[in-house]
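Both complexes shown next keep chain A, but they swap its partner, so chain B is in the first and chain C is in the second.
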Partner chain A sequence: MARPACYIIGAASTRKSRGHKLSDVLATIFGASSLELLSFQPPNGRGLSLLHGLANSVGIAFGSFGVGLVIGIGGAYGKLYGGPVVRDLLEVYTTVVRAVPELVLILLLYFAGTDLINQLLTALGHAAIDINGVVAGIGVLGVVQGAYSTEVLRGAILGIPQGQIEAARAYGMPPGLLLRRITLPAMLPFAIPGLANLWLIATKDTALLAIVGVNELTQTTRTAAGATKAYFTFFMAADALYLVLTLVSNVVIGRVERWARRGMPSIAGSH
Partner chain B sequence: MAAAETPVINVAARASLWMRPHRIALILIALVIILASIFLMRWDWLPTYLPLALQGIWRTIWLLVVTSALGIALAIPLGLAQVIGPPILSVPAKVFCTVIRGTPLLLQLWLLYFGLGSLFPQFPWIRESFLWPILRQAWPYAVLSLTISYAGYEGEIMRGAFAGVPKGQLEAARAFGMSRWKMFRRVWLPQAIHRALPTLAGETVLQLKATPLVATITMVDIYAVASRVRQDLFVTYEPLLLLALVYMAITGILVFGFRRLEARIPNRLG
Partner chain C sequence: MIAQGTAPALKYTAQNDAAEAIHVENLHKRFGELHVLKGVSLSARDGEVIAIIGGSGSGKSTLLRCINCLENPTSGIVRVNGEEIRMKADSHGHTVPADRKQIERIRSKLGMVFQNFNLWSHMTLIENVIEVPVHVLGVKRDVAIAEAEKLLARVGLAEKRDVYPAYLSGGQQQRAAIARALAINPRVMLFDEPTSALDPELIGEVLKVIGDLAREGRTMVLVTHEMKFAREVATHVVYLYNGLVEEEGPPEQIFGAPKSERLKQFLRNVG
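So, the complex of A and B:
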């Protein structure tokens, strides 16, 4: 019963006569030359393009997380200290973004964003450009991340003992200095669990950009798998890469959290 | 959306909240935008695609309900195994939750559909079995991967919920002479679910937002219908905007439903 497997894989068929069941099944699952496919030698091995995709994914995740943080700080300030109109508009932004699937938002923002930029360029007399997928991905995911980090940072700012901010104001600190010296460092311990979650979401949301053809890890994996028909091997490899990214992130997050909470009482009994 | 949530008692208070001058101005602007998009954009495709769209909405909701229910059923043993299970159960449960939560759902879906899908035909006994007509379709893979994903996230939440039930409750149950199963059924599980309910609501909204991914493996949910309109007629924004509206409506209903559910459970602050 293992024979047709060898028949399909082809390369493993030389050992057909031996008839080892387990090795045949394994060969079927991972493809006979799966390790060769994952190697870094260009003609057959596609490890390099996977790593390139991973680098793009990490870059997009970093970029969108950063854009999201900037939007989030602005949004949190707007929600807490802004006028009624700003508050309502920000409420609409965070509600809509959090209620609509990321996939739909990515399509909407991707098409609308590139369209808008090109229309603007043609209106100004320039030629339309082909927008880099990585840059577009950072922009689109950044807007999505911004809505979530607005809520995280708003909660964190509310977690600061408000007397600290009042004291800084009483010293006559200008708003920029207040933000830099008091609000941001003081809110960090409250914000880090939420932001850590957002970072992990950002790394996994980059996979969605494969839908619009951005050349990140999932897309390169799909291309490689489609070309070699070794779907299982490549998707497993990509899964492993994402998992490593998450696990490494968890270690770094733990360090950052310990640093941000330095001098604060430890949370006893958590976990 | 807000009108549906308004209880009878404080209608007046709510109304005055909405009637502040800047709100009226913003609502008017929103109305103008909505009217402009109704009259200036292309909606002539809507009647043709309406039956398909309704079918797609039904399929999205079906997928959400089925995978959430199965996911919770799987999450309870996963959470329990991590809290009181021996290492032989708790370690695999922990690894499962970590792997599922550490990799993108899209990739899990593709691994199951393309990976297993390309694998199954190579085994004749699978191809000859009675399950083959089902395994050739896309929906089993969609249901499986969405269920696994929900179970992974929810299992972690159930772990916290089970661990969070005060020890005294369980000791009291045992002191009453309850058997282990009865104690679990009457005391531990209800209190854990009560604790997990607010998070469960959020997770279910996330699950709804994950359902459009199944369109990438040829399942025709509401998202796939919108994509088809886009490809058939080259109208980009209209179907996507309608799609966003549909998902917002379902999210609203979900949040409202969970809030009603939470309100039904008596809550006494100590």
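So, the complex of A and C:
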């Protein structure tokens, strides 16, 4: 039953007959016409727009994870060493952000946030601007990531043997140098598992931005699937891309963790 | 372990007119309701080795830690190198250093060695030793490395330069910690029970290193439980009891002819 389909796609694309072994197999599963939709040849092939969506997703994940890390370092420091006002404010931030569903936060921050910025701009006599979806996505997810990062990093800092911090103080290290040279590298082994989780969550949270129309992978997939009615093909392709992103991430995380734990004897049997 | 014949000759090299490296006057320290130090005075001139002895809870470690403000004294005077540490009251009424920069400058002249070594676990031995010279004192990296290699060789750890602390025995870690303290070319070395966390068979190697430093005329303040060692290397012994100096004097007097009943009792118990 499937064999004729293979021949059909083979015939349809004789002009680039190389590299189609995999497509032959996939075509047997998906049917020829829908697989052609994944090619990089416009106007019918929508592979490029999926990759563009993936690039945006990765960019947003990177950006929001980074923003989250910066917020998290500040937040963890503030919670551990800040005054009562700072601590209370941070407690409100982490509690509220972690209590409200992310989808609701995204809707709230995206629409209310961009509206607020534009109101501010007009109040200051500037023209309203059209805020780039990717930038807005980074901002919104960054605020969410920051709340979780704060807790991950706070725990990791508490995991550092206090004597190492004390030794740095005893040798006259100023606070900024101490953070950079001792606290951050020393807490990293304790933070990596939690941060790795946060990174993987960040890659998938980008999909939530489809709801507000940001052109990330899920949104481009939805658009392509809707236009062609090849839902199964496009969403399976998107799933595969998300899976590849996770697998690549795991390799990188593994390397980072080995580096971060360089001073720690490996636990017996782990390698 | 320590050549008995040579010790007395070198012990009195400290002249009475030598500059006062550390001066502590009427020092009080309270932890809430707990009055740990109740007016202690102490002086260390250049070349002197001051041994602080006393029972558990007598305040000897607290006294040492007040010298470099790892604990902030509640009241009293601490002068290092003739420079008085300026203190002020914070919003909670706690006494804190008035000038962070001054504390950092003073700390970078005091080489502290801790009971639990407190080496930085994410750095190899050589990195531990050059950390403060390079990043706090601004020594050029290659100069610091050359110096650190000499110091590691001196404490018998030349071949361990690229090993992380977790892979070493307690005695090796403590010797590396002494090299780290020496690397800042300290005006005074502060030892806070340097052998208390060590297995008995490792104590000797650490005491030998400290003893060598004492005999070459390093100024030291040493909190210790090793009475035999204190008698051999100290130029002056201070016995603390319940937050006060109960008796002090040259080691011959303190160990040979103690006056105070409490000191006699203490020496019987530890002897």
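Rule of thumb we're sticking to: the second predicted complex is superposed on the first by the 236 of 271 C-alpha atoms of A that agree within 3 Å, B and C clash if a C-alpha of one lies under 4 Å from a C-alpha of the other, contacts with A are read in each partner's own complex, and residues count from 1 in each chain.
Just so it is clear, contacts are C-beta pairs under 8 Å (C-beta built on N, C-alpha and C of every residue); 3 or more make two chains touch, one makes a residue touch a chain.
All values reported here derive from a predicted model rather than from experimental measurement.
Asks: Who does A:G213 touch here: chain B (first), chain C (second), both, or neither?
Replies: After superposing on A, A:G213 lies clear of both chain B and chain C.
Asks: Between chain B and chain C, which makes contact with more of the residues in chain A?
Replies: B
Asks: Determine, under the contact definition given at the top, whether A:P84 touches first (chain B), second (chain C), both, or neither.
Replies: After superposition on chain A, A:P84 lies in contact with chain B alone.
Asks: Using the touch definition from the top, say if A:G254 reaches chain B (first), chain C (second), both or neither.
Replies: neither
Asks: Pick one for A:A167: touches chain B only (first), chain C only (second), both, or neither.
Replies: So A:A167 only meets chain C here.
Asks: Hey, what residues of chain A end up touching chain B and chain C alike?
Replies: Of chain A, no residue contacts chain B in one complex and chain C in the other.
Asks: For chain A, which residues are in contact with chain B within the complex?
Replies: Contacts found on chain A: 1, 4-5, 8, 28-29, 84-85, 88-89, 96, 99-105, 107-108, 111-112, 200, 204-208, 210-211, 218, 221-222, 225, 229, 231-232, 235-236, 238-239, 242-243, 246-247.
Asks: Report the residues of chain A in contact with chain C in the complex, numbered from low to high.
Replies: Per the stated touch rule, the residues are 161, 163-164, 166-174, 177, 181-182, 185-186, 188-189, 260, 262-265.
Asks: Which residues of chain B touch chain A once you look at their complex with the stated criterion?
Replies: 20, 22-23, 26, 98-99, 101-108, 110-111, 114-119, 122-125, 205, 208-213, 216, 223, 236-237, 240-241, 243-244, 247-248, 251-252
Asks: Taking the complex as given, what residues does chain C use to touch chain A?
Replies: Those in contact with chain A are residues 68, 70, 100, 103-108, 110, 112, 114, 116-124, 131-132, 135-136, 164-167, 184.
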